[in-house]
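Shared between the two complexes below is chain A, which has chain B as its partner in the first and chain C in the second.
Take a look at the complex of A and B:
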């Protein structure tokens, strides 16, 4: 390893199209060279470190609908791509219906950065450590994507392919994330483990959501999403299925947490060892599920 | 004439005066080195650095880089044959023949833009022959280790530093007090432990910056963020072979130093490059990445302790071996080795002590001074051993410390006697404040609580004759302008200087100004802003200078009023007579003097007081035994205690409460003294819980704030208490001695002892990260 002593933002061209169609067209014309650009809190850092070198940053923050934060009592929440996290946190509708999402946003970086950072940007960055991805996953988020040929919708659960890799193709612009109405009587929690209390990347993040579901043998459905423990944000379905079929007790919660830990494949890195991360998935999943269960019962 | 109220004028000494620099800093008006503007003539410097920890330079080809348009100068070690260094001159400004750490400067470029300078760096071709590196200090002292400084025997060295030529040991400090070997059999309990303290970095908010300009006649001006403008003047001038008077250093207030901006680190690079582009200022500004491994780091330490006490708990013997991982150049680190040696008993009276403290060259980043100067590293292990020894002999750890800690008149490890000290009071205070002996219930079932306590001592580590000087002059309006050479690095010294000058002369604090920025051409000499020595040493110089001015003023007035000086006083900016009850404001006489009656001429004139202070009583220590009459000027002592909670599910430690008590002799500004205690606690806590430079093959793996974590405001315990103990220093101004560094010395062991109290695990060294704590608890079978 050699240390780059003078990381610098390389030269690039800033492009601000007037319409989504124009933006998609431009992105299609320069595949591999042009990237959509939201708050910039990740992209600038990665460009400065030389990890990516786009020639064009296409600002999509002013385009149709990307600034909307809209809650419809029948349909749910639509969060425009350009809506920053502090707006999400401050939104009364989010606080009332998706407090879990606000909680996840609050765990990200610092107040100053959250004025730039966006939930959609967090998703498109596709880091396994993304703190807000878990909440969007357990609420069954759906991405609204503008492509050259029009619009498409894509479930978030199928979006991630690997670290920094998604199903997005050149010309695709995620305009919003839509969260359906939260399940009735649901409760959620996000537990983030950083090395210190403020502004760290998550060493492990556990999102848990639960709600009554009479159609299931246990009477409850639990959702889990794990950050920083696999190449992609991970949903440990074995643990979820297990809790759907077992009476909810401290023992079954422990077993589900164990299954969650078994499902993940963490790595050793500067921030922590795989061994510790796996243990933390188990302990924090148990804690998160218990906390949710306390709120439900 | 209005009557001055002399009854209710409180002395500013001991008052919580508002910081003299508060307004400028809060409003953003304060000027830092990077704020100086130089216009179009400014050139930008960049440094080509070694990617290898240890290699011989075979060839440097700068031809292509020189041809690049916009490049104005390229320099290499060939251009600058002079050595540089504070206590041991073991460094070239640019490497010659050999590189000794990853980041060692090989060449420097000045260009019209940063981009061109960077491009030129990439075009410099360097051929190297890679050598085996030394990456561990214990390996470094072994005969198998490659020599990093084969010329060690020829280096210029201070008389009290003892290098071992032909080895990687640049200083070997010994204590041989009493007879350790025969003491062990008298011990009822013995503890033997090994600790490993990692490298950390100071991480000042403001990175290092230096702008150098050389004029046509060779005169050098250096603007920089510096704790040591005068040491830089001296050392850079010596190394470049110029006169000290041709070297001018201008140093505005510093945005955080913690030792990293003491001595000379990167400043000489800018000066060297500037000699090749006369008339043009050359700016070198370190990036945060460079800050982490090319400025000073805190040395690593491998420490062995053996300690024993009798059945009553009286300490009988201590035997230590310290291997300082001092890095590629130890020009400053050699004295950390010495300081840890002459403090190696800790703040205890121990009849038999044997210490070997080795400063070891390694191919790691350059170790330098950092807040505490070796004491936090040494106390980290020592104060854990004290707890373990108390446990073994069945004594309470506080009782054990009270029994053994230094008291006034105790015989020190170097053989001299302890001056009056409030250490026993400090122990009492923190034990009481933390609720020692009482276990409070944890906040949740999966948490465990613990309390821990540690003591400390530390002397200013400096040459025996480190001097200060000061002047004061009065303006037409009677305000006092105080010239000092010590630097404001956030510690509040300008405020304390103003308080002392005001008190010594007799003017209100509000009418004192400090002459800034520090400029070696106009400011009075100060050795360095290090060692927590300014309040004491510079303070003495200020008081004497103010008294000098006071004498001049009173002589003029006494003559005019036909009274004696003893009849007069200066109160609140007014000269008053107790005898005749006459009075005259200072502004009426300090510039123009006083007229003689009947238009018969004048007396007096512009008042300027000047003086200095230098300790004259520090003696040498025997090189074989470390014994001597007076090793240091004084010791500041103190204690800290913490209460914390360990989360069994994650291993995370939450500090619930931190308590500090230090004997500062006299608190000139009590709130600022307390702020030092709090700040030191937080920095100590940060080094205990989070901080480590992760070195692999000589390369720092985490040179950024993403993965070098420091405590944030959210990590600070909600309950942070600071207590001031005042047992006067005989030669301190109003009895004051230093407090800046001391407050982070006992924090690591206090936390380690509290972790042990909570969950019964101990570690080889910090940081006590959640992961380390969790896995240790798991390995010990405390959790599943």
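Take a look at the complex of A and C:
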């Protein structure tokens, strides 16, 4: 009936369980009413704008392991759900082994917001524009999810169902994202296009990762993930397959970028037209793949 | 005479207070027992109000009152007209429809206020807003300018025959005859769209009616405290002396805060009197997007007639101007557009016809530039097109048409925003443009650097845009200057201040006359108790109009100082000098008396004074210019465009200003920097998107993008001084200068960068996405 011209947070209960079991139990008891709560950089905005109206925010930041950032030389990186992006950026292990993830985190909003924003939150928010999701996808990230009956692991690639929609069920809490060891000799880049240099949501985001792979005809595997151009963070597999089978040349990179652009289905909105976004996927994919290829050569 | 204080790079007197958080802003005002207001606003842009039920809101604990239009009874009145229609122009149509305090019958724009809740806290007030039940019958909305005038269009104001708010034709010479003689006639449709002023501080009001003293104090983020005081007194049935309006430090004015009697501005003081309680209302950002005025929507159908050698023979422009749901600000903006359509050029034949239209959108009143950027955009775009078609250099075609220095004062034979004949008081345009060309190294860039960079595959472009700015309009401002017993000087003036550096530039003017340190001059602005008369801070007039009033007052005080000192020091006035807070004998510096001692002697406790003598070293004087002084400037820019993303990088940005006497280069440059940043927003980032239902689609800073530090280039500022003959200081205004030419400059530089495309930019604002779309269309049309 009327514009919410005084956007403020509606009333809600803040709940801080002591254990994961307690948290899952609470979330299960109030399906649709209770939500897990991390940094709040998305959830508060959406609550303020009346898009969601949870009665309970269940803070999971103090629960077992959610604050851990752990790198194991044999297994890879486990990033607890509550680890904020500035911690990721500052981590020596991340810088050494997953610089692409640090680069993606650095592109998010501002320093101040990154002290609240988390990678797992970015994932669970399931916005197609999420800047850090691409890096987690190309490193074959696996989510650790606590559910009422215990723990399960779920590949990130199968997690997204639509904008804001994931495979999470009531009672599920993502406690961490695990990134396996990076492929040997890999190089990556994240190119983000916003309307300004700082702080805008991505109009288009392109994550590219490449590494030598003697088992493939081209000798290299390239991974791509696209932000803001489909209902979910998109992996254009046609482009990846193409580069697995063709010799890597400027021409095949251009063709792969074309395949990436063809794979996406962007929307028209105030930030940019679908036509512009599609063209930007083509241009930025070519640029990203070329930059990665330069590092690999 | 060489100046000791004027023209010096003096650091700002006000900065220590501002930087340490000691400056008072409206939201800092806290009064015991203060209540808080929140407004219920319409979701629809156009709707009939069927019913409203506030009973639940009134019952919420902590709610003190809820008011609707009905509850206001006789006090419900549309706001006063700010500017009347021009009396000097013939055949003017003007339908005055002013904003209402609360919707009574019909909602005319999204965000229009329907009810106000007053409660013990803002939280309670906002919760209570949600308790109100309101029944609105949505009506078809008028959003598009063209459609608003079509037969059968829904009416914004039902009592009018159409959505035409005003119509005015201005002519000089004979355009049709000039067109007959022309070798080239360029005909185009050029569109400019809306943006927000987006001041850092939103609007805010605290009103405190004190029943016992029968006195109303209002803190208001207005640019015009004195007119607000006068209007409140008149509407509330009070004497002007019962009302004190204080415009404290304000975080940016930019024009919308000159709009007088926003609904909230009348309602909050009114409610304070009803309830005998202080009330605070602070606008939030989303309200600001819906309820604070905006600008720049115009559609132009324009023709430029030229001779083969690039001389402009005539200009004809028929345009629509969007005024939004009401038109309290009269014809100021379209008149400014008309006065800038001819830019700095000597054009003998001119016809301009404007139709102002009502739409179901937020009200339009001046925003920094106020119609001027549109006028400059039109003429500069047309000249760029003409230059291309005639094969004449962009700079050369402009040089050939500039008004020559001997032609000043240059009579334009049309009327300006003050309804006075448009006269450009003074100017010497080519040296300014030349300086900008030299600073950016135009020839070297075009001949050497650009070809080299293009060969490397880079898309670099240069733009150079001259412009005029009508400034410093009347009617008047005044000031009172007092030398106090401490030896310090106190100055009161009526204008408000929103970051312009008044506390420093005004102090420099006084210091120049009285020989005191700039830091020893205390300035008060924006407090109606300190100074009774005045209009406000707008139209780049502070330094011109208030500045000269202060200069006049200080000059009188100087005479009083000399007259008294001459007696005491037993020395003729001619041999005295005012230095370091002393009056001293020029060749016998130890023979002196301090200004403080003089001030005491000027106000004796005993004895007799001569007839006709006024006590103290004090004077009040006023200044009203015959007409506004017109400033000139040129901006130049080199940009690089990423051909894949249409993102731009500004490589160089030059401005050369001629605003007459420069009072303080540091402050002038700050104003230019701020203006340019706003201009860059206008040109490439900021656009308000309204849909066909009159809904604003990007009412937040996540969606409405303003340039930030990362988008700002380093700006190199050059100065040229052609003093105005219209005032003693020789000043012209500069507050809007930074903003005015930027969209025109961007278009020129972008076209120049994309040299291998047949791109013609006929709209502003642009964005990377919009530029991409224009290029796709250009490709298709090939």
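Assume the second predicted complex is superposed on the first by the 294 of 297 C-alpha atoms of A that agree within 3 Å, B and C clash if a C-alpha of one lies under 4 Å from a C-alpha of the other, contacts with A are read in each partner's own complex, and residues count from 1 in each chain.
Assume a residue touches a chain if its C-beta (ideal position, glycine included) is under 8 Å from a C-beta of that chain, and two chains touch if they have at least 3 such contacts.
Source: prediction; values computed, not measured.
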item	value
Overlay on chain A: chain C relative to chain B, clash or fit	clash
Touching partner for A:196 - first (chain B), second (chain C), both, neither	both
Chain B versus chain C as contact partner of A:271, first or second or both or neither	both
Overlapping contact positions on chain A, where the chain C interface meets the chain B interface	1-8, 193, 195-201, 203, 270-273, 275-276, 279-280, 283-284, 287
Of chain C, residues touching chain A in the complex	38-43, 110-111, 114, 123, 126, 129, 132, 134, 136, 284, 286-287, 290-291, 644-645, 647, 685, 689, 697-698, 702-703, 705, 707-708, 710-711, 767-769, 772-773, 776
Complex contacts: residues of chain A adjacent to chain B	1-8, 193, 195-201, 203, 270-273, 275-276, 279-280, 283-284, 287
Parts of chain A lying in touch with chain C, wherever the complex brings them together	1-8, 193, 195-201, 203, 270-273, 275-276, 279-280, 283-284, 287
Chain A-touching residues of chain B, taken from the complex the two chains share	46-47, 49, 51, 102-103, 114-115, 118, 287, 289-290, 293-294, 649-650, 652, 689-690, 694, 696, 699-703, 706-707, 709-715, 769-771, 774-775, 778
